[in-house]
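These notes are about the structure you will find just below.
By letter and in written order, the chains are A, B and C; residue numbering begins at 1 in each of them.
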Amino acid sequence: MQKTLAQLTDRLVASYGEFGGINHLDGKNLPSKRAITLITKDLLRLLFPGFFDDKLIHSSEIKTETGSLLAEVLQNLESEIAKSLEYYPPPELQVPKRDLRSVARAYTIELLSSLPRLREMLQTDTEAAYNGDPAALSKEEVIVAYPFIEAIAVQRLAHELYLNKIPLIPRIMTEWAHARTGMDLHPGAQIGAYFFVDHCTGTVVGETALIGDHVKMYQGVGLVAKSLSLGQKLRGQRRHPTIEDHVTIYAGATIMGGDTIVGEGSTIGANVFLTSSVPAHSLVIQEEANVKVISKKDRQKDPGDFTV
Amino acid sequence: MQKTLAQLTDRLVASYGEFGGINHLDGKNLPSKRAITLITKDLLRLLFPGFFDDKLIHSSEIKTETGSLLAEVLQNLESEIAKSLEYYPPPELQVPKRDLRSVARAYTIELLSSLPRLREMLQTDTEAAYNGDPAALSKEEVIVAYPFIEAIAVQRLAHELYLNKIPLIPRIMTEWAHARTGMDLHPGAQIGAYFFVDHCTGTVVGETALIGDHVKMYQGVGLVAKSLSLGQKLRGQRRHPTIEDHVTIYAGATIMGGDTIVGEGSTIGANVFLTSSVPAHSLVIQEEANVKVISKKDRQKDPGDFTV
Amino acid sequence: MQKTLAQLTDRLVASYGEFGGINHLDGKNLPSKRAITLITKDLLRLLFPGFFDDKLIHSSEIKTETGSLLAEVLQNLESEIAKSLEYYPPPELQVPKRDLRSVARAYTIELLSSLPRLREMLQTDTEAAYNGDPAALSKEEVIVAYPFIEAIAVQRLAHELYLNKIPLIPRIMTEWAHARTGMDLHPGAQIGAYFFVDHCTGTVVGETALIGDHVKMYQGVGLVAKSLSLGQKLRGQRRHPTIEDHVTIYAGATIMGGDTIVGEGSTIGANVFLTSSVPAHSLVIQEEANVKVISKKDRQKDPGDFTV
């Protein structure tokens, strides 16, 4: 048995040398997924004080609590940003390696300074969710129980880091939210105020999408790019659509392409596939489905076989 | 640095005062998400004894084990229900605050008393899943490996609490299952026996949906409401469709509106968007897709660009 | 209170006797979900060394680390496979119970021997993901942040066990990945090299699907079976489609049936429902949606009500 194990080990370790690209050995440190998860959770607690804690926080304690939480995030996020800048230095950033730590600190402070502004935005999202869903009993229920609030809060945080071209971390943050909520909001997307996505699962918003104010979407909506053979050559170009103010997009609709603009006040029906622009106040609906009524006898032969 | 941190803290704490609605400080206790998660897991262990435990349970121990698990759930759930009733007292419930604890206890005992009945229902769901999926090897595989069983079990539990108008907790329970399975079954939905949803991800069943017996659905199916500007004014009204017995709904179909009835024995094809009723034994299919065959040469220019 | 609790216990325990099929008591040991989760995570660490660890691994340590991880997986997986074979012996396997352990060991060694080969396949998948998504900054980002890599790695591992007809474990593995990524790739599916699914949520690939090389898919795509009343009688028959090389399938498309073949180089547009074959180099698109422009005044009455 020891021999088998030794052989297995040798062959596997040999393969680590042969195929590059999926090893990460002796390299620089990648930012830690686990650390970024903890930081993201702490940032959510700072954005929604008292909601993600098990014990009640009293106003008298809030300043001390907030201060120590901020100090912790400051230290941990700075360290992950430094690793990330060292691992994959953005071409625009012309600083010697020894200065990366202080650059990372500046970016971290910038993010923490933005929290009050992000709270203002998230306030509008919470209001949109509450007003838009008759099933919501209260704004508290929206914050505690709706996956949307977590997903949009993480995207708005990650977007701030994305704007400073910090590699890897913004995407790790939004993928954490994606795994929890089923909604994949890219950190690059620019999303206006009073945003709401109900149910969230399967909704995808691409890197260069532009979303106006008061946009309401449902599960399974995609604001996506054409899958062109050019691939990596398209990096940085606009590939995802523009959604203007007061647009509603129903479940499963896919809107594609960087030139596609959905004009303000439009409604896109469920499961539409839209690849070109529509003017303001459009109503876009799938061709009506075919309805055939089939005798009970025939249906009972094979109710699932609708190729007849 | 200390100065920066103090400034960040001051500004953030000030924002907690300015923007209401996304703070939860000095308020009454919200029910704890973590506690409700643990209670939900314990309820699943009571519903499916031996399936969610790592060690084997012997019949000789089952009475002791069940008794102590019930005692634990009784205490913890009562405490969360009490918090929830105190936080957001249902208008119908006219009891003084000092009696909330005993009301909470009564509701908890009612839920625990319903477990044998819920087991009967879940038995039918397990059978429907096994019979409906040729990939299922055994009913044990269905219970251990299919996300559907977990999602429907949690919905049936939450529905009991919903019927007693207990705020917040039912929704926190189903959102826990939503995060794990990708399927969002609202606690309010009335779901018949022999229900089965294969794959689950992205499927949404709204608060006022009515689902008959022997209904089979797939991933990405939505039983949803129109997104009307009336918003919160529609609370309590029927907004979601009725699905009669023996209906099959394929992946990605969206069925909308409180007046929409899908007659018994009907089949709804994938990606259909249905906004009005269809009679019994209907077969509803999307307009056939366009198929163009394009020369290999042209396709190789840009296989993803199908706007040509 | 003690009396109530005793009554609740008695009734629930009685129900464990009445309704079969959803108990698991006094039976043989089912494989443990928790153990299989830990084994799967260890297998991922063996496939992508250094990516899922928080600390940096140096080349000098890699042999020792790999050896001890392999030894651990060998012991734990063998034990779970043995439980699984004992619980549900595959009809083809004609070995007495006392030999199950050594059969389990042989299967485990076979899986571990396949790791270098699986790494080669996953290398092609990583490359396809990087080349196919202009939002990807580097292959490292793909491995660290894309849910696809985790999902396909787990499927390729589970597929090896599936080929040896090991019950329960392959499905528990892929359902673990399903819960984390939203993508349900059945262990039975045969998937070629250079596979990529972007965003993943809601994508389903059925047990008997055949996928060629260089296939690119998006979120919400289903390669599914007809829901026939024959149900369990179809076990083992081909029920899911064939996708030939170099096919692109956009979000939400559903392709159904064991006779359906999508010819090489084809493109399937979003939300298409395809139930029959298309030749090579086909372009398949949904009927164009209806676009109506409605005066702002009318839209403001009720923007969500598009049945007018």
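Just so we're on the same page, contacts are C-beta pairs under 8 Å (C-beta built on N, C-alpha and C of every residue); 3 or more make two chains touch, one makes a residue touch a chain.
These figures come from a predicted structure and were not determined experimentally.
Between chain A and chain B, the superposing rotation on Cα atoms measures out at 120°, rounded to the nearest 5.
Counting the residue numbers that touch the partner chain, chain A and chain C have less than half of them in common.
With centres set at the average Cα position, the gap from chain A to chain C is 22 Å. Residue positions of chain C touching 2 or more other chains, listed in rising order: 182, 201-202, 220, 227, 248, 252, 269, 271, 285-287, 300, 303-304, 306.
In the complex of the two chains, the chain B residues touching chain A come out as 4-6, 8-9, 11-16, 19, 21-27, 29-30, 32-35, 87-88, 167-168, 171-172, 175, 178-179, 182-184, 186, 188, 201-202, 204, 206-207, 220, 222, 224-225, 227, 231-237, 239, 246, 248, 252, 254, 256, 265, 267, 269, 271-274, 278-287, 300-307. Within the complex, the chain C residues that touch chain A are 46-52, 54, 56-59, 62-63, 66-67, 70-71, 74, 109, 112-113, 115-116, 119-120, 122-123, 126-127, 130-141, 143-147, 180-182, 199, 201-202, 216, 218-220, 226-230, 248, 250-252, 257, 269-271, 275-276, 285-296, 299-300, 303-304, 306.
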